[in-house]
Every structure is written in C-alpha cells, then in structure tokens.
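In the two assemblies presented below, chain A is common to both, partnered first by chain B and then by chain C.
Here is the complex of A and B:
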C-alpha cells in the first residue's frame, strides 16, 4: 500500500516530463546559452569566441549612444502602449457592450487587425504612409490639407509617432475584447443599486465598472507593458530603425547588433537587458495587481 | 521447420542498397531572386533536374531588400547548422564574413575539376579570391549608373551630360518642366548611398575616392564636405523626389515609371524589372554620369555563387554551379535569364535585351569602376555612414559636421578592430 502511494507521487512528474523537456530544450537552454554568449565577443559565424566579461553590458550602459536612444524610445513606446491602445480598447468596449448586429460587426472590424501578422501590417501601413502614392497623403491633398501631406516615416519628427499609430491600430482590438468579456462579467445588480442610490453615468463607471474590471486591467496592462518592451516587428518593417536611428528600439538595436553588425555577444547582452527591464517593470506590477 | 532469415536479410539489404544510394537529394539554392526572376529560372532548374534526375533544386529566395537582410538570413541558417547548399553572394565586405568564418567552402579543387579558370576572366575571378583561396564562382559583373526616361529626354531636348555642371543644368531644366531630376529610396540607406558615393566621386575624384573607401585618408576633408553638400543641394533645389528616407528602393522606381522623375541610380537588373513592371523598355536608357575627371567610372561590383562548408552535397552543389555558369547552357534559355553573365562566351541577344547589351559594352570597355561603399566598409561602419547620410538629407547635420562626425566614427571603428 505504502509503495503504491509512493509511486503515485511520481506520476505527475511523468506527465510533466514531455512538456518540461520541450520547455527546457527550446526555452531554458537557449535563454541561458544567450546569457553565456553575452559575456563574449563573437561574430555569430566563426568558431572563435572571445571572453570579454561584462564589457558588452558596460558598452550598452556607458558607451553606446544609439542604445541610449533605443532605451528611451522603448520606454516611451511602452508608456504609450500602456495608455493609448488600452484606453481606446476600454472606450470601444464600453461603446460596443450591447447587443445588435451593428455592435457585432463593429467589434469584428476593430478586432480584425489583431489577428494580422505585424510585419504585414507594417508593410501595408508603410505603403499607406508613402509620400508619393500613399493613401494618407492622397486623402489629405484631396481635402485641401496638402500642407500636412509630408513623408510621415521619412521625417525625423513624425516617424516614431507615425509608427506608433500603426501599433495602436493593430493593438486596440485585443484589449477591447478582453474588456468586453470583463464588462459582461459584472453583475447588472450593481448598476441597478448604483442607479437607486442616485449615481450618474460617470459615478457608475468609476465605482462599479472600474473596480469590476480589476482582473481585466491586470491582464491588459501587463500585456501592454510586455508588448511595449519587446516591440520589434513594426519598427523593423516600417522604418528599419530610421530615419538615421530615430526610431531604433531595443528590439531592433539587438537585431542590428546581433545580425547586421556581427556582434552576436553584444546582441545577446541587449536581449538580456530587455529581459531585465521586463522583469523589473512587469513582475512587481503584475504581483501587486494580482494580490489586490 | 526452422528457416534461417540470414539469407533473406542479405538479399533484402542488397536490393535496398541501390535504392539508398540513389535516394533523391534536395539541393537548397539561396538567392535574392524576385518573383519574376524566379519564373525566368524555372526552366533552368527543370533542365538541370532532368539531366540529374536524382537531384531536386529548391529555390530559397529573400528578395526586395538588396544586401540589407539576405546575409542575415544566410548567417542564421549557417549558425543553426542548416545552411543552403548553394548560395548567392555579393563581393567585398558583404562576402568577407562568410569566407573569414569558414562558412563558405574553398573551391580551388572544383576550379581544377571543372576547368573554371578558363570560364572567367582573371580579374573577375580575383573578386572571389581572398588570401590565395577562391571561395566563389563568378555569376554576374554588374554595373550601376543613372537610368533615365529617354522619351522625356527627347521631349525636353535634354542631352546626355559630359560634365557635372551639364548634369545639374539638366536637373534645373527638368525642375522647370515640373519633373524631378532623380528618385531614390532611403530605407536601408544603400540606394541613396549610391547617389552620395557618386557625389563624392565627383568632388574628390577617382583616386581620392578609392583612398577614402579604403580608409587610407581622412573623411574630414573639403572634398567630402563638397560631396555631402552636393547631396544637400540636390535636395534643396528640389531635384530629388522629396521625403524619400523611408521609401523602399524598389518603390522609388514608381515616380520614374509615372514620368514624375527623370532618372534613378540602378544596375543592369533594371531592364528585367522594367519588363516585369510592364514598362516600355524603349522609353529607358542609361548613362554613366560624368565625374569631371579624365577617368570617368561606373559603379561596379561582382556577384558570385558559393557553396556552404557544411553542405551535405558538395559535389552536387558544384555540379549545379558548373551547369548554371556554363555559357553554352546559358545560351539555351530566354534572354534575361543570365543578365550580365560573368562567363566568357555568354551571348546576349541585343534585340531582346538591348540595355544588357549596352552594359556589356561598358563593362568590357576600358572604363574603370568603383565599388559601392557598402562593399568596402563593414556593416557597422556603413550603418554609421547611412545614419549620417540620413542626417544630411533631413537637414539635421551640416555637410561640414557630417564629414567630421564620420571621420570620428572611422577612428572609433578602427580602434575597436585593434582591441
């Protein structure tokens, strides 16, 4: 009897083993391998790797001006990602939280960009922004706003914001769906009680809707932080980090260093800096929100 | 009854052996062919497969970004241990990392086996040779220059320029007629870089330009400032299609197709691209722009085929390269399939591809050429160059500051190489 109980204890581990093996081979090992690599100078092709200790990290924090620019851009992007698509998603969810065919159609329309691959989205928006034949400038010119028709992605002052507009377009649908699910889980009785107590629409929203969406906020905002910090695809496809290095973010700078400039060790160090930022920013936030 | 299975097993093994030996292999062929060019190459692949029934060739293309992304794709496949068997490569510093790292196979034995030495001119082969070893098989000898709309030139009575002043006078004439002088695409940097290189060629002269590219002279000098200033002037005078920094090189052809821009700096491949875009090739021609020197030069570079060191099929890969570089084979296929072939004896049908014919004349003439800057500099340094170039275009950096800043970057880069 005792033997049966003892062997039964191992059964969960047996069930976990395949997933654990896959996880270890495809995630844990590459992760630690890249950490190991970040202490080397390596061109990513040859057999020779030179140990440089913490030099790659020192270069990132003290010498590399583009890394500084990319870090600032990444944090601005993350802040924007935290505020703009999430707020718009909430507003859309509130507006579309009702029955009827129109609402369903609009939900589908707003959600559909979320299922498109971001590189494809970036290319399409790149054409839309094209100064010569892009639909945005064509529309501006046709309504008499030709002075505003500029090279949105070519201009140092507008390239970053223009890329972020695309990010917002692509990312507004997902929080909207999550908020819609959250709104539908709030008991209608609370709203009725608030109405009986004389609460107006704003007070109902502030005291019933927002607390009722706490769990959804945790998911939406933590995903926004993570998506913001690891932004890569859109910047890569739309501006390639330019003009100059104006739109470089940590993800693209990691790629440029690791793949374009043959500094695989330095690229790995940047990857670990991104991971550290995510850990420092996202985990305490998620824990705090979850515990509340 | 006891039956021994040993004889049966032996028979089965003998039957299976030839099947195993003749198992069909797939030869992975990496290149930058666009969709139209892949179509042109389909019969070539089919023919090779017909002659070698146990080999299947699979094209793996990374088209559209020039040398910006393709080398990264190659490198990733090599590091992960799954390189293509045969791969396309440019020359100079783009090819250097693949040779230095030992990822490209030394082909000296194949040169002897297939007699490739007689197939290519020695200077062309030299582009594929480093430290006495040959890593590549020449594919094309490419030239770049200004392609222009000959119909617009005729209409506006624009003559081909013999001096830079005449070229700029043409630009002024075109501007008056409401046509941009040139179009360029700044995304990735290299396409606009062709213009910047040309301007530096005009202001520094051929010899100094070569020394600058070899980093044998300081970039912080008046002729470089003048070259950067020329780029700025072309923008300020409205001679370039504006707002081009985020425009992809291929998209920058559109204003020329539309007749809104007169010319574009492109290579011999444009003839095929014009046909693929349903443009009337009769309306296009090209000229090597003047550099105000007795030694007028075009921008030129070589392209080559390489075999990955870790290929499992080196002999089949070499046989494939031997097939596609054979001038007798090349002549069997549609004109334009092997444009500007580097193989001696490759024929060009001037009636079908007149521009290729014209390029052949230029390349085989005594005219000199200069390598594009991105084949001189390593990728990190060229990244700095393009960053500064963007700054000049956007008016963020003055030509004087740009020359000084780039020289500082050169010094930093050189010190990194020493350490």
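Here is the complex of A and C:
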C-alpha cells in the first residue's frame, strides 16, 4: 500500500521528465550560457575567452552607433506592429464577422500570407520593389506617378518602411483570426440589449464590442510586441540590414556580430538585450496564459 | 417609409463594405499574382511585356528547371525529414508533460507550468551561440539533425499550453473510472487522453509542421553545409545564385510556398483551432 502511494508521487515527474530534460538542456541552459558568454571578449571559434565584465553592454549602450540605430529601428518596428497589423486585423475581423461563402474566402485570402516562409515573402516583395520591372513601380508609372518610382529597398529613406509594408502584408491575418474568435465569444444578448436601449452602431461598438475584446487585445498586443522585437527573417532576406546599416534591427545586428564579425561575446550581449526586453514586456501575456 | 429608407441605407452600407473588402483582398492577392505571372513565362516575355500581361506561352518548365537547378529535392528532403522526426516526437513529449500539469495535483505543478510558459518569450537569438558549440560537441555540427532538439525545445511551451488546456476539458470521472478498473496512469494517457484529444493534436501537428518548414534563423546558424539546407535556406541560396533571373527565381519561390499554401487551404479549419486555442485559452 505504501509503495503504491510512494510511486504515485513520482508519476507526474516521470511524465514530465522528457520535456523538462529537452527544454532545460536545449533552451534554458544555452540561454544562461549566453549570459555568461556576454561577459567575455570571444571570437566564437577559439578556446580563448577574455573576461571583460560589463564591457560588451557598455559598448552596446554607449559606443556602438549601429546598435543605437538597430535599437531605435527595432522599437519603431515593434510600435508599428502594435498599431498597424493589429488595427487592420481588428477592422477586417469586424467586417468579416458573419457567415457566408464570401467572407470565408476573404478570410482565407487575408490569412494566407501568414503561412508562408518569410524568406519567400521577402523574395516576392524584393521583386515587387524592383526599381525597373517591379510591379509597384509599374503601377506607379501607369497612373502617372512615375516620379515616385524609386528603388524602394536601396533608398535610405524608404527601405525600412518598405520592409515594414511587407511585414504588414504577412502579419495581418493572425490578429484578424484572434479578433474573429474574440468577437464570436461576445454574448449576442448584449447587442440586443444595446439596440433596445437605442444605441447606434458606434455606441454598441464602444460599449459592447470593445469591452468584450479586452482579453483579445491583451493577447494580440502582447504577441505583436514579442514578434516585433524578434524580427529577423524579413530584414535579413530583403535588405540584409542595408542600405548601409539603415535597416539593421537588433535581431540582425546580433547575427552579424555573433556569426559574421567573430565578435561572439558582444553578440551574446545583444541577444540578452533582446531577451530582456521581450521577457519584461511579455509578463502580462504569460500571467494571463498561466491563470485559469 | 422611413424604416424602408433606413433598410436601404443599411443595405447600401453593407454592399459598400463588401466592395471595399473585395478591393482590399485584390491588393492582398497582388503578390501571389506577381509570383504566378513571373514564374510561368519566359524571361524575354517578362522583360518585353512586363509582369502584368498574359504570358505568351505558359512556361511550366520554369518550375522543373528551378527544381533541378536549385537543388530543391535536397532541401525538400531535409525539411520533410525534419517534419517527420521532429513534429511527432515533440508533440508526444509535450503531451506527456501536459497530462500531469492538467490532471494531477503535485508539488510544483503551477511553478513548472510557468517555467515552460516563459519559453514563449525567449528569442531564438539568446540560445544560438551556445547551441553551435553544443552541436559540435555532439558531433552534429552542420547536420540537419542538429535542428531537432532545439526545435523540440522551442515548440514545447506553446504545445504544452494548448494540450494542458485541452486535457483540462476531459472530465475527471472518466479517468477515475479507469483508475478504479486498475488502469495505470500511462494506460490512461495512451487509451483515454490521446484518443480524446485528436482535434487538438491534429491542429498542433499542422501548425508545428508549418513552423518547422518555415523556420529560418536557427537553420541558418546550425546547418552550414549545402547538403543540410532546409527549404528557406535553399531558397535564399538559390536567390544568391540567380538574383537577376527573376522568372527562375519566382519559380523557386513558387515551389517553396505551394506546399504550405495547399496544406493551408485544405486544412484551414485546424489552423484556426490551433491558433486560437494556443493564443486565447490556456
């Protein structure tokens, strides 16, 4: 009898052992090993690591001009992803929140870019932005705006915004799906009650729809922040951080320092700056997910 | 009279919204049209007539040429191999962990759950440098197999979150009845929990296959050899070699995105279930 009780106590941990092992060894441990590495000057290859204390972080925050540019870019990008794809997703969800074949087809269209590999998305848009034959400039020329037809990704003033437009194309579908699910969970009686009370469309949106979507807002906005701060694939595939270093973001700058410039200790420090930003900003999301 | 007028205005409003949506959806389809109209014509035709014209001859052979010239069979093989090995194994490991988290009370339950959840916010970048060294020590340097353990680790937080939520919905009475009949916890997991969770497992299977197919940064750093490239890496290398031959390049893009588009269109229902289950309800 005692034996069964005792072995039963171990059972939960037995079930969790494989997940705990893989997660600890291949995610948690490397994460803290990166923190350790960030206090060293190291080329990433040789056995020689020189302890430099906080020098890599001091370099990041005070000396490295590109790091400053990349930080600003990453935050502008994150702010953009908070506002633009999220609100477009909400508008689409409001417009498509009804039955019928047409809205199913339209939902499919708006969501479909989200399933593509971002490298492919980057190459498609790189071709669309082509200065001479790309469809963007062809359209501009055909409507008499030929003066605006420039090399969107090679121009210092437009490369960043052009890359973000591509991001928007690929990331509207996700908030749209979440908002659709949120809208469907709002009790229809509230709308009926609002109508009986004489509320117009705007009033019932403000007083019924928006409060009903509070939960969804937290999730959509948290995920926008998390995805925004992690941005890498699109910038790498479309501009490679250029022209010059105009479109460097923290994700790409970490990659360049850690794996291209043999400046691995510094790369680890940049990685930890990214991780710290995300972990702090994701707290509300994680709290909400862990509550029942 | 006035209600009729209002109804008509309402109808017009709805039609306007619909027309706006259709117009907007055409803008959203433009990049897909660009791929198709570039990939399926000859280069001369493209430069002479531009992207927006009916191709003189539909050149399906661009696709077969890109497939061969670009070494896509290798990349497809690697990506499919990863999906076949990583996805079932990862979901099994996640399901095993989610079962006690959902259905047993034990010390550290909620702490362990939060420990896994924090992984949702860990960027891949922060693990990359140590992972390179670890894979070298394991003799997996540059191999496609090096991606399997970290992919599983990074997939666990979302999968555990979704499966724990789903397992919680399974009535405890069923489990109690099985326990009284003498079933072991593992039997309950295998014979009750898994079969009753097929919708959630299917959704996760599809979502995870997709993110495995699309993942780029980890593959870029951990698989250097050409023979180990996954589809996104191969596509980027293909672009590097043919960056001015846009018809061929777009044929390569078409090859890389068609599988995911087809899977998405046919299995859309599961996508929506998985996405909303993961993000909205824990």
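Keep this in mind: the second predicted complex is superposed on the first by the 278 of 292 C-alpha atoms of A that agree within 3 Å, B and C clash if a C-alpha of one lies under 4 Å from a C-alpha of the other, contacts with A are read in each partner's own complex, and residues count from 1 in each chain.
One rule holds for everything that comes next: contacts are C-beta pairs under 8 Å (C-beta built on N, C-alpha and C of every residue); 3 or more make two chains touch, one makes a residue touch a chain.
Given the structure is predicted, the values throughout are model-derived calculations rather than measurements.
**Q** Looking at the overlay, does A:268 come into contact with chain B only (first), chain C only (second), both, or neither?
**A** In the superposition, A:268 touches chain C alone.
**Q** Tell me which partner A:106 touches in the superposition: chain B (first), chain C (second), both or neither.
**A** second
**Q** After the superposition on A, what does A:23 contact: first (chain B), second (chain C), both or neither?
**A** A:23 sits against chain C, while chain B stays out of touch.
**Q** Between chain B and chain C, which one contacts more residues of chain A in the superposed model?
**A** Counting residues of chain A touched by each partner, the higher count goes to C.
**Q** In the overlay, answer first, second, both or neither for which of chain B and chain C A:159 touches.
**A** Only chain B is touched by A:159; chain C is not.
**Q** Check the residue A:169 against both partner chains and state whether it touches chain B (first), chain C (second), both, or neither.
**A** A:169: touches chain C, not chain B.
**Q** Based on the superposed arrangement, let me know which partner A:34 touches: chain B (first), chain C (second), both, or neither?
**A** The second partner, chain C, only.
**Q** Between chain B (first) and chain C (second), which, if any, makes contact with A:58: first, second, both or neither?
**A** Neither: A:58 stays clear of chain B and chain C.
**Q** Going by the contact rule set out at the top, does A:83 touch chain B (first), chain C (second), both, or neither?
**A** Touch status of A:83: no partner.
**Q** Given the touch rule stated above, what does A:216 touch, chain B (first), chain C (second), both, or neither?
**A** The second partner, chain C, only.
**Q** Check chain A for residues that touch chain B in one structure and chain C in the other, and list them.
**A** Common interface on chain A, chain B vs chain C: 44, 127, 130, 133, 259.
**Q** For a test of understanding, state which residues of chain A touch chain B in their complex under the given definition.
**A** Of all residues in chain A, those touching chain B are 43-47, 126-127, 129-133, 150-156, 159, 238-240, 242-245, 256, 259-263.
**Q** Can you list the residues on chain A that touch chain C in the complex?
**A** Chain A reaches chain C through residues 8-9, 11-13, 15-16, 18-20, 22-23, 25-27, 29-31, 33-34, 37, 44, 92, 95-96, 102, 106, 108-113, 115-121, 123-125, 127-128, 130, 133, 135, 138, 169, 174, 177-178, 181-182, 215-216, 219, 223, 226, 229-230, 232-233, 236-237, 251, 254-255, 258-259, 264, 267-268, 270-272, 274-275, 278-279, 282, 285-286, 288-292.
**Q** Which stretch or stretches of chain C touch chain A in the complex?
**A** Going by the criterion above, the answer is residues 17-18, 20-22, 25, 28-32, 34-35, 38, 46-47, 50-52, 93-94, 96-97, 99-101, 104, 106, 109-110, 112-114, 116-132, 134, 149-150, 152-154, 156, 160-161, 168, 185, 189, 210, 213-214, 216-217, 220-221, 231-233, 235-236, 239, 246, 249-250, 253, 256-257, 260-261, 263-265, 268, 271-272, 275-276, 279-280, 282.
**Q** Which residues, counting only chain B, touch chain A once they are in their complex?
**A** It is residues 68, 72, 75-76, 78-79, 97-98, 100-103, 186-189, 241-248, 251, 254-255, 260, 378-380, 383, 386-387, 390-391, 393-394, 396 of chain B that touch chain A.
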